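Below you'll find the structure, written out as structure tokens, and then a few comments.
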């Protein structure tokens, strides 16, 4: 059986491997289509022929649930993620907290993060900076990107001195280093809800189940995700 | 390169080809209306044609989705009456690319039509050619360089179209994942730049091939149209 | 509507205006080279001009970033020698929009140049006009409709440009947040469609205004060029 | 038969003409800018007059009163434009075949190609033609449209005399085939040879119109036609071809000899005799190189401002015009009723001025 | 002085001409398609010949051997194109002012505007001109370029006689101002009046070239020029303007009277007398309306295939041509050495055939 999975872009590294494992194990095929969670959710609203949706943001999953587009009882939070401060090149690790002199670390450079109004990583990052009391000192230096990967790229190129990205995004990037992780309480918990859509095939349910299997969880962890 | 990448290349070429070929007659017709028509609502038509240029591609994609999606008014009719489904199919990618390229194609053809000397058309009419015959035997051959230019612009644009396509038909490998979508996907993963770069090179090579072919063709056609012997 | 939204509108208008105005002379020059030049590398130039059409906008944005970013070879020179910084500035948005619109502008102007009767240029030369004077006094006025068409295409495209702009200059409200970026942001949040729609309407209104103005202008110019009394 | 009544204004110029063109060639004659092309365009349907009525062979082509305006392609006019207007993307052969192609008629191009000497040009495109060649192709293209009305706007202006001499007989044959032809020309020689009717325009108005023989022999019409081009047309009949290459013509006033004229004995001709080529003598002159001496009676003398006088001589029922100086008119006592001999050189009547009657 | 030596091939046509155009008007005469426009374009620099050398006033404009090819705009030719080629986006006034504008010269347009009758058209655009009007503007535009060489390709073909008669004196004045003029025309009348030198082309080759008076009075050149247009040019001097509107001219063979000629007493003129306008008589004729009777001696008689004969008559040191029938030549016993009287109507010599000497 072949299923189509819509997944948030940031999952691509890990999910490609997980899906390959699942395919090898079950003989089923998972076709993966990645994009921003918002766009995927809207496409599902418009009847996209998809079996499984894995979102990077709970709010869009809420929208679909309210719209009756999810198969009842299939939604679950399959993954978590952390938020980290990254720098261009090798960087001294530092404690990310209210005492951090972020402005000084920037030294006139830019702080890259996803669009704070819309991109999940940007929303979490904004929330964290505000709660740590750091926002006002760096607001003028923030450059907001279309998606979190673009923020990674800006730091990687050195166009931005620092960036705030998901922990999973910092994995495997040669030109950037993690300065430190944002403390748990500084932002809402980062979760990736997955669900089978109303028209989802049976294999979709199996796939969602598989995401919580130990093999899959190992893959996710290796890519910097947290598992519940 | 992966199979999926090659699939994306092939899909993009197909999509661009069909988007160009299918929209060409409509483009010529609309360009003619805009260049020579004197009807009420010409400005409205002109605006509509330009819309995909003015709107961010994502918005165009959403509008297509709203209109041609399974739930959309047009999409539903097409599906129920003709069994044609566009959303999330490669045919939808053709539609998205055609719509996005349409303003470029129309403008090129329209400029060519406006450059045709109406005296030649008048001469054809005195020889008994009806309006349609004048168009087919005089105007059309004379605007051939403009049509070629419009087609190659459309093809190039279709090869590069991303925002509207991915919004309308998503990014499903082997089904709707065009070259730009594949490039985008590679750019999203660490270390994907190399693969993305290879696809960019292929994309550029294909489009340049079309471009050079069109130039050669246009030159030959232009010499004919200018009345010189080939 | 919020202040930030109005800022985005105003910024987009400014960016589109400057992108059009500043690239126009270059566009005319390149179009002339492509239409009339017989130099080695014409096809390469032609390919380069079309590149932004062929490449997914994000790729163009990255390439701009690589070249014109603070770390990029061109960007560094511009910064150190002239103090010009483009990355993350509205001036960078102008560059991105200009680059993306360039193929459209050049093609329109080029078609117009190719439609100019070389016999008229020859007549001007016999009257003592140098190549440059022939261009300025005969070719240029005769291609005015094409220039207007090219400019309006470029303006419209600049109003809608999103991918390359956001990649090159990111989204800094009040500085680089253009209308398409703002629309995109609204579309990303649940319930943001209404606000996005309002911005789309404004965007369309502005571009349509430019479009209608250009049509009126082009018609007047065309009548002149066709040798009819105004 | 073509009836034209048209009024139109452009900027400073106003056109207000009405005339009837019977079968045959109607020449529109007039100075540059007098409105000739505008009239022709109105007939073709390329200019929509402010008001008027155009009827061709009983078919109303345009009538501002009743709102009739037949589209150009239904008017079936063959229009030879003042500028050649060939289709640049088509070869000469394709240009010639154009009318047949769009109307689906099968047309034999061969005679027209031969007459116009286009054989060697058929594969060329218009951009590679000389001015005269292009004009010939344009003539051929219009002829091959087998039009109900032929509109020719200075069709021969770009051609040399020899070529003109080849083409004129063809136009004559068309005239005789009863296709009404509206013919614009600056050349009175052409007009006199071809025209059955002459319409003289001046600044958008008809100043003289009528049968060619009448208009051309009317001293009063001379100013409108141009002095140098004045001359009369007389009827003649081929009486015989003689051994030394001359052809003897019988006219109402007696025989005249002209260089060999193609035509069978008995054929009727129209011979234009330019007023300036006629010398008058009171007595019968002897020992001159001029062979043709026609006795007649002065019927009118018209003197203008200048030093010249125009003398109309009645020869039987026809008229000849002679231009002489006032000094000679006085010296010879020329006035109505006086008997004179008109002396006329054989060679002064050029081939171009002889048309099939 | 302009030296032209050019070879060029297009498809089936090959051009291979060499001639020298001294100061004055050099007429390029030849049938349609004989290569006239191609030669003119080579001089202007619009056609790059396969090989050859073009030198204007000592300045090498083109030389295939040494690779010289002066760009068009440095050649300073004033080119009146066979098609008018006006700038459609400029008004008539702006078209006329164009050369001044690009070269920064200040030029007084008034005399040219007046001569060409363009006053009322200045604000118009070319699209709103008649064919003849456009051609006049094109002439004006070239004249106002104050060129070092003037190239005129059938400049008057679209014009009526009256307008031609107005423009020709202006071209004459230019000729006399020593601007070399290359003048293409089908009209031998124009050529004879203007030309100091005549170059006759046939199928891309020069078949006859030389001083106008010589070529035109040479019976052997007649076939190339066309029979009807044959005629000679004789020198004359204005001897007086008489009360009845005639001007008395002194020629080598005696006085002749022509209708009023503008010019001061004593001014030198060139008068073209068409061969067909001359009647010959052995004895001195009396009682004729023709005023001008010039005694002379037959210097050559040339008979061709046709019924005509061309007789050259020596008058002092000059020559006249007369076209008569062979029958008359035999009847009058015309042969070299015979004394004859040439009879010539005053009015037969039209204004257009009289040029300032």
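By letter and in written order, the chains are A, B, C, D and E; residue numbering begins at 1 in each of them.
Simple rule for what comes next: a residue touches a chain if its C-beta (ideal position, glycine included) is under 8 Å from a C-beta of that chain, and two chains touch if they have at least 3 such contacts.
Predicted, not measured: the structure shown is a model, and the values here were computed from it.
Both chain A and chain D are touched by B.
The interface holding more C-beta pairs in contact, when A-C is weighed against C-E, is C-E. Chain C and chain D have Cα centroids separated by 59 Å. Here the CA centre of chain A is 35 Å from the CA centre of chain B. Between chain B and chain C the centroid-to-centroid distance comes to 20 Å (mean Cα coordinates, whole Å). We define each chain's centre as the mean of its Cα atoms; on that basis chain B and chain D are separated by 56 Å. Under the contact definition stated at the top, the residues of chain E that touch 2 or more other chains are 11, 83, 124, 128.
With touch defined as above, residues shared between interfaces to two or more other chains in chain B number as follows: 58, 62, 187, 229. Each of residues 39, 42, 153 in chain A touches at least two other chains.
Interfaces, counted as pairs of touching chains, are A-B, A-C, B-C, B-D, C-E, D-E.
The residues of chain C lying in touch with chain B in their complex are 43, 46-47, 50-59, 62, 103-104, 107-108, 110-112, 114-115, 145-146, 149, 153, 156-157, 159-163, 179-180, 183-184, 187, 196, 200, 203-204, 207-208, 211-212, 215, 222. Of all residues in chain C, only 62, 65-66, 69-71, 87-88, 163, 166-167, 170-173, 184-190, 192 touch chain A in the complex they form.
Per the touch definition, chain A reaches chain C in the complex via residues 36, 38-39, 42, 59-60, 62-63, 110, 112, 115, 117-119, 142-146, 150, 153-154, 157-159. Across the complex, chain C is touched by residues 44-46, 71-73, 75-79, 81, 83, 85-90, 98-99, 101-103, 124-128, 141-142, 145, 151 of chain E. Listed in rising order, the residues of chain E touching chain D in the complex are 10-12, 30-33, 36-37, 82-83, 120, 124, 128, 130-133, 136, 153-154, 157-163, 186, 226, 228-229, 244-246, 257, 259-260, 275-277, 279-283, 285, 287-291, 306-308, 322-329, 332, 334, 343, 345-348, 350-352.
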